[in-house]
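To keep things simple, chains are lettered A, B, C, D, E and F as they appear, and every chain counts its residues starting from 1.
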Amino acid sequence: MARPDGRTADQLRPVTLTRHWSIHPEGSVLVEFGNTRVLCTASVTEGVPRWRKGSGLGWVTAEYSMLPRATNTRSDRESVKGKVGGRTQEISRLIGRSLRACIDLKALGENSIVLDCDVLQADGGTRTASITGAYVALHDAVTWLAGRKALAGKVDKVLHTSIQAISVGMFDGAARLDLDYEEDVAAAVDMNVVCTAEGDFVEVQGTGENGVFRRAELDAMLDLGVLGCAELAALQQKALAA
Amino acid sequence: MARPDGRTADQLRPVTLTRHWSIHPEGSVLVEFGNTRVLCTASVTEGVPRWRKGSGLGWVTAEYSMLPRATNTRSDRESVKGKVGGRTQEISRLIGRSLRACIDLKALGENSIVLDCDVLQADGGTRTASITGAYVALHDAVTWLAGRKALAGKVDKVLHTSIQAISVGMFDGAARLDLDYEEDVAAAVDMNVVCTAEGDFVEVQGTGENGVFRRAELDAMLDLGVLGCAELAALQQKALAA
Amino acid sequence: MARPDGRTADQLRPVTLTRHWSIHPEGSVLVEFGNTRVLCTASVTEGVPRWRKGSGLGWVTAEYSMLPRATNTRSDRESVKGKVGGRTQEISRLIGRSLRACIDLKALGENSIVLDCDVLQADGGTRTASITGAYVALHDAVTWLAGRKALAGKVDKVLHTSIQAISVGMFDGAARLDLDYEEDVAAAVDMNVVCTAEGDFVEVQGTGENGVFRRAELDAMLDLGVLGCAELAALQQKALAA
Amino acid sequence: MARPDGRTADQLRPVTLTRHWSIHPEGSVLVEFGNTRVLCTASVTEGVPRWRKGSGLGWVTAEYSMLPRATNTRSDRESVKGKVGGRTQEISRLIGRSLRACIDLKALGENSIVLDCDVLQADGGTRTASITGAYVALHDAVTWLAGRKALAGKVDKVLHTSIQAISVGMFDGAARLDLDYEEDVAAAVDMNVVCTAEGDFVEVQGTGENGVFRRAELDAMLDLGVLGCAELAALQQKALAA
Amino acid sequence: MARPDGRTADQLRPVTLTRHWSIHPEGSVLVEFGNTRVLCTASVTEGVPRWRKGSGLGWVTAEYSMLPRATNTRSDRESVKGKVGGRTQEISRLIGRSLRACIDLKALGENSIVLDCDVLQADGGTRTASITGAYVALHDAVTWLAGRKALAGKVDKVLHTSIQAISVGMFDGAARLDLDYEEDVAAAVDMNVVCTAEGDFVEVQGTGENGVFRRAELDAMLDLGVLGCAELAALQQKALAA
Amino acid sequence: MARPDGRTADQLRPVTLTRHWSIHPEGSVLVEFGNTRVLCTASVTEGVPRWRKGSGLGWVTAEYSMLPRATNTRSDRESVKGKVGGRTQEISRLIGRSLRACIDLKALGENSIVLDCDVLQADGGTRTASITGAYVALHDAVTWLAGRKALAGKVDKVLHTSIQAISVGMFDGAARLDLDYEEDVAAAVDMNVVCTAEGDFVEVQGTGENGVFRRAELDAMLDLGVLGCAELAALQQKALAA
């Protein structure tokens, strides 16, 4: 069975990282993986929440959300429903945890950064695109703080590595990289892999609701995920060098 | 006192209406008034809410929202706060009311259309940009229904006119069209004018929290608002003809 | 078509302003416009919210609400639904904005006043009756503060004018003043006008959900609204002199 | 220690029951016990909630609430806080339970009645005033249903008795009837007694947060409560005969 | 009609009080009345809420809750519904009020104790079992504070008596002690009695939703309730001595 | 560094599975992993939610929660806060997804099962204990349905395998099985592994918030997790055979 868009099993969709998409935020990146389109912004506040004052440590959190018609059928707004759904919270927590893995909160000093990842259009892989784009926005925000001499350490001390994420899935016993929505729904098993620039794992989440998976399958998915992340790390670096 | 961007008092900011910005919605328009940028989508559901079934009438509503970092400083998400604020509800109601003024719900037949106006970047005039863009998205959605032969009437019966909106304000006794954020904050009085293509009023809202206003000032603002709306009507028509 | 209660087009319903209706609040007025009956109370707290401390400025806000059976059919309580509806918030904001137009927050000094407008019985024009009654309650509260020597300025410096509001509507091309519920539902267009004692506008809101309106109609409604407000200003003055 | 208003220990405050206070509800009574003033309305819906359809039984519930400035200092609105407090719910449940004790739901037929008790001014005893007033409003609503031939039984079958309630408290070993706010705060023990016209108990709630109570004290409070209820039953009967 | 489990009318179900059921809380008691099983924990915080600081007084509150499947059919979680129901709040308030009757808040000093009563299995009498068990947990928590020399007074000054509670009901004119669920549903009238070790009343709540009750019946229920409480006081003392 | 309780790296804590702990639920298991103690109940409803009617498929969901004092310091109740936290939702979703991996919803027929996992005492590994215990409760509930001849298939068709879960963590480069709370906090990396009786993976979640992890470390953790799950599968089987 061929991939819907004719890609090879180990091929990413076209990925673009557009920096400075918005004028207001300290970091702002429109990230696209094929038709998936997420606006990642990094908002800096000098100072930290009250319970953290005087600790010398900074603070980084993330919030993920989807526009109501980012998807094929419209979803009700969580603001109108009056509560944030489980999926949204789970992804927000994952993004925050992943990005905190590359940041030295002591070197950041008592500054707070909120990473907002708003999905403008969804076609699979929104959480991994969010993480990949949020890293670039975070880098711009840290550089902005450096420009104001507001960091406790240097930029490359604050951000000692980069963070990327990609999805992988199993189809008829073969692993595929970077699933679009159609593949995501059809996959027996799917996994999200979050890596550092060095290829170390930050987070690995594999789920088999439509079927279980063997160790060999898990290994094949991990191999592919690590390859995809390395490619994304190069794209991030290129975007930041532009 | 000159305008921040050098415009004349009766000059609109550069306005663009980009149709088909997203792939999923039946109508989707990115509207820009200078730096103000709103994604307007129209989502069609065949059928109406239960309490309206069998009436032969359609249903049109609107929801407005801002991304947390659409503005200069980050706002907390209404989904996280667990309630929709007064300003948001007020604008959602205004957009819905304004657009219902151009639609014949009987000719629409038992179809529902939700207009989502999500502010991606704010620089004044987000509610009037939303109304102006939402009309174009609504037109595309009605045309989509016509293509599926799902309307009770023809497109130009369903939409018997077009709807535009613009803000106006008073500065040192003189009226100005299409305020940006800096002007909006500084204006003694400001007014939102919603018109039809024929130049009739749909809604007029003038507020003088920083000062009251005389009849002559009100008249000057109305004159300017009607002119601005006529210009926007032409831009909408051009966009729909493209 | 005659008016339901036989009034002329420019005639107000019988208006009464009963001061000191309740024993606890610093200002308390039962305002009646025909069958519309609103209890307006002004509650004073010496001091201001924390974020305003040390500014030397006072604070005035308003909250509007309807008893569940103020209307012809019972509405669910917003406390039970767990959220304040859009209409309620919109009117609360309008009342607060209108009353702040007559008050000098510096002369008020660091005192807070909450204006509560609770509709005990509704028959059209509840928001304009609320504004008209709230002004009188506010005046009593400011006088109470003066009696305790708690103002930064004199009473007539704190309240440099009075505020009134009235509704107007169009019927078969003719304007009518002070619509009752039956007329409000039937009107093609209706407008709320908020004025100062000098006849300047504080707020003008015209809506044409059942039809659009021309400039000449808008002018006719504004003329009538200004006349009605002048009459209400005299009634307020008389009530305060009693 | 004398009573603040000079009453004897077994004397009620002046009680008034004003029927038809509002024009919209099927039953509407302004009940006053001294300065305590509660608007009790009874709202009829023909039909019952879905889960009760076809049972042949009617449905009676109650909701209690206080205006924010009914008391000496202003309370935040429960609608604004987004939740109904424990005290409010407790009293709503008590009123509903008490009134259901006098009604034959089978004879009522499949009709629903909501009793709203809104405290306009509070000076102690608001829950017992609510019960006493709500009975009269309920009687008017049942009579209204009878007038429309919508009852399954006759009025005096539907309402086989009347319901009254009064508070009692202990002061220096002596029981007092119908406490005002000042006494309520000072009482070592207080009790609410709900009775039928026959002097039977519907509900007895005695609380000693400021001290415990002996059997003899409980007996004295019950004696006084029964006497007070009998007096109220006569006042209700007189009001209904007017 | 005999009792479902063959008890005599004045006989308690088997009651057990298991102290130290959990390892974390300062006081923790599993209380069982037949099949009713409640975990009562007392959590100590040194210090009091901000508004109470410097008063020299401590603070005791209670929260009651049921596991979703503590009952015969599953109830939705109040956390998922987003609000605490009226019954839950009513019982939480009753438990807190009852326990505060035995504690000298001045002798407690500026310490806070939260009593959590979580019903693991329900078979009637959960609120009275909660009160009875919470007293023992409270005693352990106060003793724990004494061990840390954190009390302002001695343990027997802080807790000057013990608190017990039991339910009673009327069946065919005869009173029965400690109703199980089946009896609770069938009783015409039921009453909860809360006493001190000396047999004084702290709280008396009698309700006749399925019928009213006469003075003689009330007297019979009170007699039985006092007897039951005395028996429970002995069991508490024995548990605390173990 | 030795383990706090002296276990070897690959040793589980003492695990007990007590069936029929409660009298009401169709399945009810108290699961203990050392000091971690979770009450897992399975509640059966014949029928499925409305949107699933007529599909021939059953429905299984899970809800996880902690008692406020299950932990070392008391947490506020989510019911009181008015919303379910992100961690709670994430774990509820994980439990539901894991258990659905072993159930054939077609063979279950149109029956619904809710798995409630309430943590009575927490000492690390509450989510994995919940999954392990919930499987046994689910088995009892399916058997109960079989006894009522309410299944579309046989028990061993409905439950084609068993589900177990365990945590693993890295300490100084070595993997450890079944972390208690103290170890969980100290681990550089930790992972939750969910398996079937056949040793296939259902879910794998590894997180390195305190540090990243290499492929070799991931492999060591997976090896240990699979061993631990096999041991748990045997314990489940033994409990179900008892």
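FYI, a residue touches a chain if its C-beta (ideal position, glycine included) is under 8 Å from a C-beta of that chain, and two chains touch if they have at least 3 such contacts.
Remember, predicted model here, so these are calculated numbers, not experimental data.
The fewest steps needed to get from subunit D to subunit E, moving only between touching chains, is 1. A rotation of 120 degrees, rounded to the nearest 5, superposes the Cα atoms of subunit B on subunit F.
Using the mean of the Cα atoms as each chain's centre, the chain most removed from subunit F is C.
Using mean Cα coordinates as chain centres, the one most removed from subunit A is D.
Note: centroid distance subunit A to subunit B, computed from Cα atoms, is 33 Å.
If you average the Cα atoms of subunit B and of subunit E, the two centres end up 59 Å apart. A straight line joining the Cα centres of subunit A and subunit F is 28 Å long. Between the Cα centres of subunit D and subunit F there is a gap of 51 Å.
Touching two or more other chains at once are residues 82-84 of subunit B. Going from subunit A to subunit B and on round the loop of contacts, you meet the chains as A, B, C, D, E, F.
The touching residues of subunit B, counted against subunit C in their complex, run 83-87, 89-90, 92-93, 97, 100-101, 191, 196, 198, 200-209, 212-215, 218, 222, 226. Looking at the complex, you find that subunit E touches subunit F at residues 22-25, 28, 35, 39, 41, 43, 45, 63, 65, 67-74, 77-84, 88, 114, 116, 118, 120-121, 123.
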